[in-house]
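Heads up, the thing below is written out as structure tokens.
Going by the order they are written in, the chains are A, B, C, D, E, F, G and H; count residues from 1 in each one.
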Amino acid sequence: MATTLPNLVYQRPESLSTRVTHYCPGCTHGTAHRLIAEVLDEMDLREQTIGVAPVGCSVFAYNYFNHDYVEAAHGRAPAMATGIKRVLPNQTVYTYQGDGDLASIGMAEIMHVAARGENITVIFINNAIYGMTGGQMAPTTLPGMVTTSSPAGRDVESMGFPIRMAEILSNMDGAGYIVRRSLHNPANIRKSKKAIRLAFETQQRGLGFSMVELLSSCPTNWKVTPNDALTFIEDNMIPTFPLGDYKVNEEIAKLRV
Amino acid sequence: MATTLPNLVYQRPESLSTRVTHYCPGCTHGTAHRLIAEVLDEMDLREQTIGVAPVGCSVFAYNYFNHDYVEAAHGRAPAMATGIKRVLPNQTVYTYQGDGDLASIGMAEIMHVAARGENITVIFINNAIYGMTGGQMAPTTLPGMVTTSSPAGRDVESMGFPIRMAEILSNMDGAGYIVRRSLHNPANIRKSKKAIRLAFETQQRGLGFSMVELLSSCPTNWKVTPNDALTFIEDNMIPTFPLGDYKVNEEIAKLRV
Amino acid sequence: METSIIISGFGGQGTLFAGQLLTYAALDCGKHCTWIPSYGPEMRGGTAHCTVIISEEEIGSPIVRNPDVVLAMNLPSLDKYEPLIKAGGVMIANQSLINREIERNDITTLFIPGNDIAEGLGSSRTTNMVMAGAMLELTSVLPLDAVKNALDQHIPARNRKYLELNYEAMEVGAKFARENIKLTA
Amino acid sequence: METSIIISGFGGQGTLFAGQLLTYAALDCGKHCTWIPSYGPEMRGGTAHCTVIISEEEIGSPIVRNPDVVLAMNLPSLDKYEPLIKAGGVMIANQSLINREIERNDITTLFIPGNDIAEGLGSSRTTNMVMAGAMLELTSVLPLDAVKNALDQHIPARNRKYLELNYEAMEVGAKFARENIKLTA
Amino acid sequence: MAKKLYKGNEALAEAAVRAGCEGFFGYPITPSTEFLEYMAKRMPELGRAFVQAESEVAAINMVYGAACTGKRVMTASSSPGVSLMMEGISYIAGTELPVVVVNVMRGGPGLGNIAPSQGDYYQMVKGGGHGDYFPISLAPASVQEAVDTIGLAFDLAEKYRSIVHVLVDGNIGQMMEPCEMPPMLDLNKRPLPDWAVTGAKDREKRVLSSIYIDPAEEEVTNIRLLKRWMEVEKNEVRYKELFMDDAEIAIIAFGTAGRVASSAVRQAREQGIKVGLFRPITLAPFPKKQIEAISKRVRRILVVEMNTGMMLEDVDQFVQGRVPIEFYGRIGGVTPFPDEIYDEIIRMWENIDAPAPENPRQEWVERLEKILAGGK
Amino acid sequence: MAKKLYKGNEALAEAAVRAGCEGFFGYPITPSTEFLEYMAKRMPELGRAFVQAESEVAAINMVYGAACTGKRVMTASSSPGVSLMMEGISYIAGTELPVVVVNVMRGGPGLGNIAPSQGDYYQMVKGGGHGDYFPISLAPASVQEAVDTIGLAFDLAEKYRSIVHVLVDGNIGQMMEPCEMPPMLDLNKRPLPDWAVTGAKDREKRVLSSIYIDPAEEEVTNIRLLKRWMEVEKNEVRYKELFMDDAEIAIIAFGTAGRVASSAVRQAREQGIKVGLFRPITLAPFPKKQIEAISKRVRRILVVEMNTGMMLEDVDQFVQGRVPIEFYGRIGGVTPFPDEIYDEIIRMWENIDAPAPENPRQEWVERLEKILAGGK
Amino acid sequence: MALKGWIEVNELHCKGCELCVVACPQDVMSLDMERLTPKGYHPVHLHAEGCTGCGICAIVCPDAALTVFREAKQPARAGA
Amino acid sequence: MALKGWIEVNELHCKGCELCVVACPQDVMSLDMERLTPKGYHPVHLHAEGCTGCGICAIVCPDAALTVFREAKQPARAGA
């Protein structure tokens, strides 16, 4: 790790590359990246970690981290991660996925990687929208929410109800750590980082599948300012996607980090 | 319906064709078929019902029922049923699926049809095995159970844990009726039939997605006699797959049939 | 010289295993050989048959329309293969399950009460061996000992206790063929 | 006669809409026309450009390497298209965001302080209209009124209140072109 | 009816609506997403079925189900999404259902990029799904032609109970062009096919499936499909020609590549160069006879594609070595400019009698690498 | 080493193990299931990775991930399952990863049946996935040849960083034949490729992806793939010949069709008929030159396939009309008997100088329908 | 007084799986070893008096091979 | 006595999203309208005294554009 000056309070983590992201200003994809990088630094995992990027706005995640990365087909990151983990069981493997990627096209793969108790970590960015393709409805889009593919607002009768992945995956016996956090303010960002830490601790201890669902913003497709987007998370998303611990292996529950 | 003699206690339902099934002797796929046919007769739905057959031992289900049927790709019956129901909203549409079909390859489709609250009915035959292909491990195979693809018994660490679909799908806001029943003895067969009735009632009332999971036998691949297979269900499957109502719309709960 | 053998019967009559046994034996005898089953979607019932080819040279097609030898373990098998078997071929028919005569007179036919003999020996499950023994007697495709030896090596562990019984079944089958072949040949 | 126009600038400068406007107008004037955008994976920032072709005959390729007319709304656009524009072509450059001269002397170039004029009129969001007006003045590809009319028909409802402002922007742009073109031509 | 300006994807979508499409099932993917977005708004207005599926796998199987009811249904996607539909498409073909699939092709393989490409030629034209089936493949070159193609696609699909692929690239999906829409098809005037599965009311039950567990029955089915296909080959070949009557050089190109080539051809004609353009609209059935005839008339052929030379192989098959064939392509999402093709024409005109290239693809790659090195 | 009797699927699986396969990911499907079942037992014995995936989509993406680590990995499936792998295969090709995919082909399209077929020729040989990529496709005709092919497949995959398809039909998957296994590859002697993603320990980070969002970069990638492919075409063509030296009739057939044909050829030779067999083992790269040469030597060509005539088109392309081509196929899961092909040989021999059929496929269908009517 | 009932076995459908045999509360069913169905199975039959027409056998029969009758004082109709 | 701190803004990464501006408890941050980053954004800067070096701005910054320092009596280290 970089040597830290005595009076240094915060500096950019080493596990982040210096590359400027293509994310829109204020998009909390960047915050999630930063937290992962900080955790990898603190756990000293950078040199043994392989990330799996999704198809979505974070498709270029591999450019922004300073460790090995592969890029998956849309929704298949958990399968790809399984392939890697099975032939390199001692390496740390995580996927980074959006809600369209994980909860729509990738539903079967995420369910089964959890059922298998695959020792991988999934960072799940729930922004209630398809960001990259320009704001279509996601499985996590809120009822009534207007998107380019629900122009009159999401009508739950014909377009279905939001899917709560953390709750669903906590039904899987193979899951060791399943929680939902949010990136909308400093306190919750701190909690999110701790959760990411515990997810990787779960993997390092071989306690099964771990996932951190992060409520994240998409100012561009929500068509609000970055700060208003954070308010939207707090006021509108959290009621539908309650924050909390949905499954925590007792060994991890005891853990102090 | 056929006229019933005054002293007739039971006769083959009209919604079943006269075709002899290819099922192995004592396989409760046949029992499930019979119950569906009895319910369609009693609700007088035969002429407006379209069934969707899976890929599995019940791939030829369309031969055994006396109403319109289509045959889906492996695991995609819920998507196919969605397509039919959306263009023929007044018809009654149901899928008949095995555990490999529904819970393995078809996981994404079953999850999303439930999330959309699609007004279709799913009859889910859980026999803890891939019957048609000769007895490979299914997502529902019990821990330790020997199959042709888990020759040393299902090791949950490397092969994953059984998936409980009824529990999982009951998390979906779009679901109106989700229960698990068993076909291993007369009392439970009666309960199973009632559940199938209520599932179709749910669809007829437009109350959303309905599924009846049926614990079913596979004497051939379990390598036991038909009667021992029923005992196996009672002794081994029910503990892992508890029978019960996982989600019941209150309108249906009130219903007396 | 290439000999094609089709063994056909109900599922569960051990037709596929009998065919494999001949193939193992052929390999031990340094011959070229192929075994190819019929395979279907149904787990039970229906008919099962396999084609075995034993040859001095490399084998082309593993399937034949007109076999040299047929073991018909039940009536449907006889019905299917009687018209197809090569002129001069050998038909071994399981009389226990076949209640009719045979029309063709340009082939050597042996009716053998396979199930009855097998049950007489104590287990109907050796019917396939009885008929195999008869076939080996009537055709010089393979020496009986080679097949016995193959059985010794490949019999499933759970059935090893029946090894001797299976030997006996083959011999009785061969004996029956020796004694009765005149009648129909 | 076929005229190819490329409008290029930052995302958000209204380059794509300006191009569509010309295309609508061309259609109203009974001409053949095509509009094709650059499209990218990023939702924000980066450069956006489109190619508009207006012709008397059926249009073949909707894209051209060497355009007749370029509206360069920012420096990167000028850098990219100065070498590509056809000899004898017309370059309208947004002086407000471009701090350099132009090398080519085989083209007609107009430097116009698009943003400054637009802000003078009350909204920098009309910069694209200012430059469009100038372009229409320097090329006879379409009558200004046709474009105004197209704007009237296709301006998004939420912006209708700015309709007059946009008209004015076009006129001022045209006027600027009339008065200043001598300087560089 | 007056022409209106449409974006390609939206024009295709509206044309489908007017052709009587009663069900659209799709999943967003650039550069075809506007198709889905347009349908998301338009179909509910008309009380018709629209579902944003959870994936392309689900989408094609929803189409499969909806098609069983005899209604006109379709999906639209782009390259990777279409790959996920291969199993479903094979099932649809095996069940002999009329279905229209639009592929707005992008750069590949893999995730590739979202720029225009013609790299899915094999997948679409030969059929990337398993088993013997014969997709009809149509490749329009303008928004208007795309609009007309959609109506044709539904008609052919029904006439031959066949899957019909419509291939366009990102250019056609994204560009705006004036076009005239056909009138709305009156759904009430549309008779329901006699195989439609709708519920066995007052009739025998119907079954639709692609299983023929007895190979003999599957063989009969395959023969039925093949004979139907030979009918298609006889009746449905479509193409456009430009300056072909007296051409000594023939350019053969489809879709956008053909359209770009037309500019080069016009430019070359102005120089008095005897070059013409043959643009197949039906890639399957392929215009074999026409190309055979051309190869007997011209002195040289140039195939232009936005891929590494896929149709080139088909052209080569029917030219049978009668005249030299050369190839020019831009790949990976790059669209050629007219001048590149013009340069090829000049080069060929100046070497009109040069021997046939040993391997057109090889020589093209060498030329292309020079061009790229030269930065052009 | 002595020969042992193996079932085709199990022989292929054991051969893969010996070739150093360290990861198998698959999903059961008849007639390839024994491959997976064998691996389920064998791989754990050796401490290697085996996963029964939730689907073929997941299986190919597990293979994709595992291949990124530089290990030898594979999957095996059958027609419908392989269709589900098309997106993943395109990604693997776009990422330039060495992967082996075995397709034990069955009757199609759709669910079809589980009987042997060669109907996936286009999907496997041309590439059913999206975008420009070039799968190497190998078609062995016996269990021993299949065993040898697997080792070759892994070697070629690595040498050219390419996807390699192994095509066999249900016959080869299900039959038992004696064969000799190669020795176990010593994994420790296998150097890890320099692109492998394994964790950035003491080195720069590595990334593997199929995205080239800038078309210019994708174009360069496509060119790299194409040039590599042209190398493959130069170096890796493989085939077997039987009685071809003095043959006046050439039969061209692959896999089981070729093997069945060999019986007919031997039988015809006994009658003094000058017929020979050319059996491509590499369907891609296709033996163009060899077939061109044959077409200059023989008087008539008969293509035999277990499909509606897919390789027929490729043969036709390289014969360029030099000699008449005829076709014979059985389809939908039917395997032809030697006598059918023998009859074709006799027919052709008796009409050795008859004009070329206008449409070989058409004339075959007519003959086949007569045969079927005749019940033969 | 005990109800009197009887069954009809559809030998086309009966596969001799014996589920009914075990389920029958009166223990009056068994496979008829004398007979073979067209599919080659031994069908069930009543080997003794005492069938009450309770219909349990029909409820467990996977192949709907049984029709059940009962001497009905008052017309009854059951079924699974 | 109030801690004294300061920040460094990496203008390559700052996109002027203002998340930090709103999050800063001391209200000492704002966009610098005089400056444009290479990507064309107005970067943040401290417009007033009073930064305590609490690091909150860094915790909310999506682009890790901020480095935070504090006059440390005893060496401290925070971070999200």
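Here, contacts are C-beta pairs under 8 Å (C-beta built on N, C-alpha and C of every residue); 3 or more make two chains touch, one makes a residue touch a chain.
If you're wondering where the values come from, they're calculated on a predicted model, not measured in any experiment.
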* Enumerate, in label order, the chains that touch subunit G and subunit H alike. => none
* Contact-richer chain pair [B-F vs B-G] -> B-G
* To do: Compute the centre of every chain as the mean of its C-alpha atoms, then state which one is farthest from the centre of subunit B.
  => D
* Please flag the chain sitting at the greatest distance from subunit E, going by CA centroids. => G
* Take the average of all CA coordinates in subunit A, do the same for subunit F, and state the distance between these two points in whole angstrom. => 41
* From the C-alpha centre of subunit B to that of subunit D, how far is it in Å? -> 63
* Please list all residues of subunit F that touch 2 or more other chains. => 30, 54-55, 57, 80, 87, 91, 95, 110-111, 114, 209-211, 213
* Touching two or more other chains - residues of subunit A -> 24-25, 59, 71, 73, 104-105, 107-108, 111-112, 116, 134, 139, 159
* Junction residues of subunit D, two or more chains touched -> 40-41, 45
* Structure fact -> So, in the complex, the side of subunit B touching subunit F is made of residues 55, 59, 71, 73-75, 104-105, 107, 130, 133-134, 136-137, 139, 148-152, 158-159
* Show which residues of subunit G lie in contact with subunit B when the two form their complex. => 5, 10, 12-13, 15-19, 22-23, 39, 41, 53-56, 58-64, 66-72, 75-80
* What part of subunit F is in contact with subunit E in the complex they form? -> 57, 79-80, 82-84, 86-87, 90-95, 105, 107-115, 117, 119-120, 122-123, 126-133, 209-223, 226-227, 230, 307-308, 310, 313, 316-317, 320-321, 330-334, 359, 361-362, 365, 368-369, 372
* Which residues, counting only subunit E, touch subunit A once they are in their complex? -> 27-30, 33, 36-37, 40-41, 44, 52, 54-56, 80, 110-111
* Asked: In the complex of these two chains, what residues of subunit E are touching subunit B?
  -> 22-23, 25, 49, 51, 53-55, 57-59, 61-69, 71, 73, 87-88, 91, 95, 197-202, 205-211
